[in-house]
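Listed after this line are the structures, all set down as structure tokens.
Both complexes below contain chain A, partnered by chain B and then by chain C.
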Partner chain A sequence: MASEAIRLDGVEKSFGAVRALAGVDLTVAAGECLGLVGHNGAGKSTLMHVLSGNLTPSAGTLAIAGKPYDRQWTAAAAQAEGVRCVFQELSLCPNLTVAENVRIVHRPLKGLGWKGRARALIRQKLDEIFPNHGISPDDEIADLAIGQRQMAEIARAFTVTDGKLRLVILDEPTSSLDAVSAQQLLAYVKRETARGAAVILISHLLGEILSTADRIVVMKDGKTVADRKASGFTRNSLVAAMGSEAREHKRGAARMAGAEVMVSAQPRSGGTAALEARKGEIVGLTGLAGHGQTRMLLQIYEHRQASMKGALAFIAGDRQSDGVFNLWSIGRNITTRSLAALRKGGLIDLAAEARLAGEWKQRMAIRTPDVNNNILTLSGGNQQKALFARALASDAAIILMDDPMRGVDIGTKQEVYAMIRAEAEKGRTFVWYTTEIEELTHCDRAYVFRDGAIAASLGVDELTEEKMLQASFAEHTA
Partner chain B sequence: MRAKLLRQPWVYSFGAALAVWLATIAYTHGQGAGAILTAALSFATFTIIVGLGQMMVITTGPGNVDLSIPATITLSGAVAMKVMDEDTGRMAIGIVAALGAATLVGIFNYGLIRILRIPPIIATLSSSFLVLSAAISYGRGIRIKPPEPLAQFAEAQVLGIPIMAIAVLALSVAMAVVLSRTVYGRSVLAVGQNSRAAWLAGLNVGRTRFLTYVLSAFLAGVCGILLSGFSRGAALNMGEEFLLASIATVVIGGTSVAGGRANVPGIWGAALFMYLLVTMLNTFGASAGIRLILTGLMIIGVIVAAGGEEQR
Partner chain C sequence: MNRRFLRQALPFLTLAVVLAATFYVQPRTMSYFGLNLMLQYAVPIALATIAQMFVITVNDLDLSIGPFVGLVSCIGATLLFDNPALGVLALLAMIAAYGAVGALIHIRNLPSIVVTLGLSFVWLGIAVLILPSPGGKSPEWLKAIMNVHVPYAPFPIIAAIVIGVVVHLALMLSSYGVIARGAGGNPKALSRAGWSMLKTKVIMYMLAGFFGVLAGLALLGLTTSGDAHVADRYTLYSIAGVILGGGEFIGGRVSPLGAVVGALTLALAGSFLIFLKISPDWQIGAQGAILIIVLALRALVSYGEQKR
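Our next item is the complex of A and B:
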């Protein structure tokens, strides 16, 4: 192997109770394009933030060109050592021009005429990577289309003033690029690595990875689970490495086939495939995060291009912005969805309200001595249980769940899964958006979303991570 | 028990009112102690009526405030006096007309906020110009006395306690019940804490806000009718002082400006405090300038004392 560009050993990073990186070793050789793949939450982005100095790891060491780096590894240090990155969320200042944005990362561009030199630098690099890009160095970022911003940001990452370019991290660089620009970029990556710089390429488009990378590392649950030459992978073996073994299924298939259709809806954001959920059914919405699943739930909730038989309740995943009433007690938070039903002679029956809250505290096993305590006295997981109680205590026949297990501990999850199962047996319908693939095993069926549309519908015997990933990653046939 | 009492935000406004009253009668050596209280109860009731409406509006969340209360008071007073035309037999129709006009103002306010998407502070301020102009052109140049029964009701007392104060006490109790035991009241509190969460919890956010703005205007209408009975006629500046008063009583009374937390007893304490404060400064013989400065400082002082532990 060629000389080392950068090496990480035993890197760990935790956010509260969440272990995002569980001891990662990663070596990038000079002149190498390393493909990095893994599903949402596998730890790819966290690892890249550590590499770029934006996050300080809880443990682990870093070495540059074979020598351990013993000072504090910061974003400025990474910049000085020639480590650049292009993150998914673009980081150019929208109120500045392209050339001015170049100056931000290049301190040597100063004194008289810095702007002219910045212009020349970025124009030359844009021409080199994306011929016919149509961007002027004097364009303000805010005036550029999203794809052009991405091009400007990528080109900026490859510009050099002093020092050398050691490693460029490209996190989903082609997500906003059209097919032609994407090909131009991938071709440039090969040219740049031939000149000795290292590139880490993260992409959900497995074809890109397989065609461009020299070596592929697969991450899962904060660890690297495979590390081989790209030629040693096929599309299928890569998907298999990202996923986990197929799980056995507890539920009987086709049990629901004859049941009444409770919800039918067609995504407004794209596609012609429609969603259906039957009485007593748990329907999963899956696919990569942010591909229209939450929009689908809200569309059903707002009754837009959706029809349903029965009342709805919504369980938010983002507790703080969509769920909890901070000033209220646990009890009041639970009964919010049932107030109309608790009325007696026009007034809310406080005794009945207290009974309802007490009953659901028991059933959901909410850990509190008193439901009259403020909701914020509960841990996050127990707050989430209160939100489940709010929906389940109501008269709703259809429960919409927007990735409700975010940040919930495993014990609580198991309790809530059992509760959802029991409620479905009683005839309630659940539409469940989840980013956690294991949760699909609790569903009867699932719809895979891609680009706002339903890309596939998976039956009970197809609810495996592999199938889900296959449907999510189906490539654009351009 | 004592600690629990001290945690109630309304305790501070009552404490302040009591302190100011004691300071006043200490200065006068006890002279007129009862009369001052009676007068305070009479004048405070008007502030309390509009304060309850303003409290509901402010409780529906950040940015919600009703600045059209003074104009609505004036419009309601002018309509009531003109329709009643000093005729006792026309009192009922006058009240209906005045309250109807006030209700329309509330509907108009919400229309501006919802349909035209104008921020409440601008919407109610601009509508108050329209409303005040309407009141001026409608009541141009006339000075009509209220029918005798209305004036008597506004001034009547039982054992030194104004009947109106008793009626407003009943209104306040009703409002407290609405807040804690009706779907509308709970919706107001929920929307004020987090309107998106309220919507996702199945509450009708739009209807809640609509009813709140209409309620505030309606109560301003009630205030306008009673005030023109009490002060023997409507005047075009009769609502003026209630702009600051309605907001100050809500804030001093411990209602959260950030929304979601209302406090009915605090409105009483704050309204009494505001009136007694002016009385005290008058008794001390303070000049108008000093009076304004001290009023401002005292209000800030009470808010700091009452709001100190609300910070989280």
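Our next item is the complex of A and C:
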């Protein structure tokens, strides 16, 4: 085996109570293309941020070219050691030109004539990777199409001024590229690794990984669970390695088959398959994060190409930005969705409002001595309960949930799951986007989203992690 | 038609229109002396606008630049006149204070509007303590610089061009200027590339302080005596100048040449309104109207750009 480019030993990283990395050992050899796969939250992104110096691990060591790196591993140190990263959300400055963005990652590009050198550098690399790219080094990033931006950023990661290129990490690099450019990139990765640089390729297109990577590492729950030569994997064995052992299902048979259809909507972002939710049904939206599930919920909420019977309520997942009113009391936060029903002679009936808030504090078991306290006096989980109370206390027949259990502790989750079941029994309809596969066991049916479209519809007996992963990681037939 | 070019040309077109209108209303201004008289106060405004622009580059806003310029004029008329060494030291300390404010805003993640609004009262308070009523004397060399006679073109125009070109070279063409503007465009990308956002912000705030000091001194050279309230309107002038010049509040999109031209336009608009015999009470409103018209035009251009 060739000499190693970079090695991680026992790297751990926690965010509060969440353990994103639980002791990862990873070696990347020079001249190797390593495929990295795993489900949402498996720890891939955290690992990348550690490798690129943007996160400091809580424990563990890092070695460059076989020598332990004993100073602080920072983003600047990573740059200096030739470790580059193309992040999923682009890291270009939209107000600068392509050449100016090259300057940002290359300190030696300064002094007289730096712009000319930057232009030549990026033009040459773009021509090499993506012939016929149609990008001028003097184009402002904001003027480029999303695919061209991704090309520019990828090409920038492979440019070299001083020092050598040791490792390039590509996170979903083909997500905005058309099929031809994607093939050009994968071919280039092979040429670049042949020249001695290492590449880590992260992609949800397993075909890409299987055809390009020399070795594949599978991550799950913050650990690497499989590490083998790419030829040792097939599509199915890869999916099996990502998933967990089959879970028991305590769900009853699908009821509701003949019940009234409350919501029907077809994703505007793609596909022909439509979503349907019946009275009293809990419908899950799943698939990899960011493949159109939230957009689907918003589309329903905004009544665009969607029809529904009954009022809607929306439970946001991102509490801080879309959920709570920071300056209001717990009670006000709960009743704000029901103010229309609490009116008396054009004014709010304060007694009724207090009653409603008090009742839902009891029913949701919100842990507070007084609902008139500020909402921020609650823990995150209890704030989320208040948001559930806001939706459930309202007259809404259909409740849309946008991954509402983010960062909620397990005890609270169990209470809320029971509440959702009870409300569904009473005839309410839930459309539930979740990133946690276990939560699908609470659903009657689920739709798997991929690239903005519904890729599969799973019935109650098909709600397994394996089925869901199979549908999420579609074969890319380029 | 290239809309980006159109947008960049808009500040210059605005200036040309206002200039033409002034010449039409009062043809006698079309002379060396007339331009000199009309534009002399454009120099400190242009310097204050450049100061504001550095802060806007990193997505902040400085609401204290006006009182800061007033404070500089007070220090210049007292300390700098009586004891030049001590005066220079005091002015350097003020630039350092600006850097410290930038560091505070970045480290504590505070809204710059609130911090600088509070600071504006601090600057004003110090200025009033130094010089309770207008007075003091400008150092002779300052008066000499501000009243220098250049052949062929009036001094304010030459000064504006020099200021614009120097800052343009530094911010738009130099390799470090790219980092500064990138800090406004995508701070995350910048720190991912290993640049210190703290350092960048401190440098930009200190540059703002430096140009604020220059503005105060230039103003003192013209007025020849210090006054704590002399530049109270500069806060709004400087923001308006940056925006008139094609800058945007967020995203690191600024134009030094445009900002200087914006400052000239504002100074000229004041004279133009006087020639129209509009009372000073209405002037600020009329200047606001000019600003709104130009911004509406720009929004129109940008709208077409998006639709394309």
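Here is the rule we use: the second predicted complex is superposed on the first by the 463 of 478 C-alpha atoms of A that agree within 3 Å, B and C clash if a C-alpha of one lies under 4 Å from a C-alpha of the other, contacts with A are read in each partner's own complex, and residues count from 1 in each chain.
Basically, a contact is a pair of C-beta atoms (placed from the backbone, for glycine too) under 8 Å apart; a residue touches a chain by one contact, two chains touch by 3 or more.
Note that the structure is predicted; figures quoted are calculated from it, not measured.
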{"item": "Joint occupancy of chain A by chain B and chain C, clash or fit", "value": "fit"}
{"item": "Contacts of A:63 with chain B and chain C, given as first, second, both or neither", "value": "neither"}
{"item": "Partner chain in contact with A:419 - chain B first, chain C second, else both or neither", "value": "neither"}
{"item": "Which of chain B and chain C A:78 touches, first, second, both or neither", "value": "second"}
{"item": "First (chain B), second (chain C), both or neither touched by A:394", "value": "first"}
{"item": "Partner chain(s) touched by A:323 [first = chain B, second = chain C, both, neither]", "value": "first"}
{"item": "Contacts of A:115 with chain B and chain C, given as first, second, both or neither", "value": "second"}
{"item": "First, second, both or neither for A:339, with chain B first and chain C second", "value": "first"}
{"item": "First (chain B), second (chain C), both or neither touched by A:352", "value": "neither"}
{"item": "Which superposed partner A:225 touches (first chain B, second chain C, both, neither)", "value": "neither"}
{"item": "Distance of closest approach, chain C and chain B, by C-alpha atoms in Å", "value": "9"}
{"item": "Parts of chain A lying in touch with chain C, wherever the complex brings them together", "value": "52-54, 74-80, 85, 87, 90-96, 100-101, 103-105, 109-111, 114-115, 140, 143"}
{"item": "Residue ranges of chain A touching chain B (in the complex, touch as defined)", "value": "301, 312-314, 316, 321-328, 332, 336-337, 339-340, 343, 346-348, 350, 390, 394"}
{"item": "Chain A partner contacts - residues on chain C that touch it in the complex", "value": "4, 173, 175-176, 178-179, 181-182, 184-186, 188-195, 251-253"}
{"item": "Residues of chain B defined as touching chain A within the complex", "value": "177, 180-183, 186, 189-190, 193-194, 196-198, 200-203, 256, 260-261"}
